[in-house]
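Next up: the structures, one after another.
Note that chain A is present in both complexes that follow, paired respectively with chain B and with chain C.
The block that comes next holds the complex of A and B.
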């Protein structure tokens, strides 16, 4: 009987296991809070949090917008800048030699932690938060795109030069497609990372957004609102991750990483 | 050209560019002659670092303690959990997906909750750095413990080796490169976590100092604090690479590039 049930468990698809263990967690959490009578400020029950999610949806939606804007703009700016610089690196070996080690050194700076410095320079507001998110996305994309643009197969490159392809055609047909898997693996990190960057930089640099809401409701001791805001922020990060995965599957259906393990 | 000469040349070009940039920066600020600009000249930052060295040192210690404490605790728990997962598949299949779900929470966003649970002192910061170190440690150790060469396992079985012998002689050595890859993610992340956690309701640490100098408008000291936090991060990474080279000199990731194994 036990063997049987463990086999059924093992044969379930991955996502349903996640959902199931998640559901078990929530049930246990609800039982623990009501049976042990844990005070709601220490650990609000799932029921209280979901009620807060519904009741306070106006505030949550209102504060979601600035965070979404910061994360999206910073993500786009950081990726665009990084992609342009990487393309320059591939064209000019001198530029790469001079700048890539610098970029790798700068990457190890704890970026979100320098928000106070950027706030001092750019002032409080969107400029600072977008700049921080941009920096968070910039370095991983730069390193991976450069690596990807260089990963072109020699044979394909020779073939294109035999066919007298222009430089633009070589980029479009060969270099960018072979760089895409590298770019996406950077984006899987920077997508959720830009949400986190926006949240945390809001603590220092603005008085709006989900990050601000988390801190503000904590100081007002509205603990269930803290939880609700964290849940919305997590959903945003998970959505970012999911969107990157979706785009990857659409654009990279030809690539072995999509066919290998399924 | 030999590869070593080529890398020397590369480093030289980058280094001279950095020196040039710093010089241009210094001269621009001096030339503009602004009084206490938000972007101070590098020399002003150096002077501030020297003059306020006691302030920086007293605030560096709490941050180091928080980052290091959580780093060790988180990785210790992660390795223990990974060992449990590898020995008992049922536990792994139940809890590993859950760990992946929990990992997708933007961890730093829960700092306000950690402060409610553990207070504004060391405990809440160490709790955060523990969490931040735990997930990369767990994922990498599980991957590493599973990456064992099956022939080596068979050989151990033929020799009649027991579970723990197999673990010490085969599984752990082959997991070490992966564990180090996790540690190299966790170390900078715990420094970052400690600094950011100190923004909220803390009275000491580099993160607290940064906010304090921001509100009091003291750019040279603020930039000095930033230099220190960046330095600590780089130092932690460099130290781990050194330990890695000493611990697994036989592994290709150390011999070739000194980097982490590929995914």
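The block that comes next holds the complex of A and C.
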């Protein structure tokens, strides 16, 4: 009997297990709030939150847009800047020695601390939030891309120099494809990270977006709206993670990590 | 006969903390047109460095290297070298045909005619039907065949082989040596091979250059006058055995424990 049920469990597709554990969590949450009579302003029940999600969908969608825009633009900008700098690092050791400590220093400053300073310079518009998101995505991509571009074997570089390949060809044909797995593992962190960066900078610097909505509804004691906004933000981060995974599977089908047979 | 490769008193030393390390000392030899010459010697005797100086990847400290009468860098820019190393370095994101076409792409000569030529080379090396396969789907020997096809796709005048079958098992290696000779005989290229296998050197070459260790120095140059095409049966002849003995004697001459 036990053997039978464990086999059934194993044969379930992966997503159904995730759904099941979520369902269990929601049921327990619902039971806890109703049985222990937790007041909704402390922890609203899933039923209340889902009602809020439906009722307040207009405001949630409206506030989702700036967050989405900031996260996407910042992600693109941060990754592009980091990839370009990484290519420069690989070409010039001097550039790396001069600029990497600076990048590390920039990384060490908490976003909450640096956001007000950046707001002073860039104002309370999109420039600040996009810059912050860019900053969040920048460092992991910089480090991983540099490592990835250097992961090329000496033999492969020799092959291209025997063929008198130009530096551009070496990057295009060899180094950038070799770096892609490294770049993707950075993006799996910075994808959801860019949503977090957008939320925090909205929280600190602006009056729009899901980050602002969380802060604003908290100050009005609309706790169920806080939770609804958190759920929308989480879904956005999960989607970012999923999109990175999807792109990775499409682009890196050749890579060992994508092939069970090795 | 014109010379494909010519080395005149070539020396290569590397600066070390404890002084200068002489990797290659006064190497003088030549490879004729369409000749197959092998450098044989113990690990670390500088034979790979010699090969890299011929390819223009390493600059000699002293002396002169000429390839087809020109400096190696010039020949490299004209893409006259085909290079096969121990690691086949096939790009995993390209299929086999894509890997063989890589030199064409670098040279800006990728078109219908050259791609068909690349396909022809794949059948020459025995990889017909594997055009669309990924490198990871191929065995070590097949990967090396693809690397040979890639080395030949630009019709090089000089084929440089740096222990190309060093990572393969003995049986596959023997087969690949035969294949290499068959493929090479259909090209116009002179070949310079680096190996530490005495039998391999004797079997493949027109001439074997024996190198010694520390500093890397040429000890002997032995003509192998076995007829071509070479066959497996030759491996059992007295002549072949005599040649391997000659090479062995040259390798160990003056070394500790050698019979004088």
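Keep this in mind: the second predicted complex is superposed on the first by the 240 of 262 C-alpha atoms of A that agree within 3 Å, B and C clash if a C-alpha of one lies under 4 Å from a C-alpha of the other, contacts with A are read in each partner's own complex, and residues count from 1 in each chain.
By definition in this document, a residue touches a chain if its C-beta (ideal position, glycine included) is under 8 Å from a C-beta of that chain, and two chains touch if they have at least 3 such contacts.
Values in this document were obtained by computation on a predicted structure and should not be read as measured data.
Undergrad: In the overlaid three-chain picture, which partner chain does A:255 touch, first (chain B) or second (chain C), both, or neither?
TA: Only chain C; A:255 stays clear of chain B.
Undergrad: With both complexes overlaid on chain A, does A:159 touch chain B (first), chain C (second), both or neither?
TA: second
Undergrad: Quick check for you: in the superposed arrangement, does A:237 touch first (chain B), second (chain C), both or neither?
TA: first
Undergrad: One more residue to check, A:199. First (chain B), second (chain C), both or neither?
TA: The first partner, chain B, only.
Undergrad: Looking only at chain A, is it chain B or chain C that touches more of its residues?
TA: Looking at chain B versus chain C, the one contacting more residues of chain A is B.
Undergrad: Shared contact residues on chain A, chain B side and chain C side combined as an intersection?
TA: none
Undergrad: Along chain A, where are the residues that touch chain B in the complex?
TA: Counting only chain A, the residues touching chain B are 6, 9-10, 14, 17-18, 21-22, 25, 41-42, 94, 97-102, 105, 108-110, 112-114, 116-117, 119-121, 192, 195-196, 199-200, 203-204, 210-211, 214-215, 218, 223, 226-227, 230, 233-234, 237-238, 241.
Undergrad: Inside the complex, what are the residues of chain B that reach chain A?
TA: 9-11, 13-14, 17-18, 38-39, 90, 93-95, 97-98, 100-101, 104-106, 108-110, 112-113, 115-117, 188, 191-192, 195-196, 199-200, 207, 210-211, 213-214, 217, 219, 222-223, 226, 229-230, 233-234, 237
Undergrad: State the interface residues of chain C toward chain A in the complex, per the touch definition above.
TA: On the chain C side, the touching residues are 52, 55, 57, 76-79, 81, 83, 85-87, 89, 91-93, 102-103, 105-107, 134, 136, 154, 160.
Undergrad: Please give the residue numbers of chain A that touch chain C in the complex, ascending.
TA: Residue list for chain A touching chain C: 153, 155-156, 158-165, 169, 173-174, 177, 252, 254-256, 259, 262.
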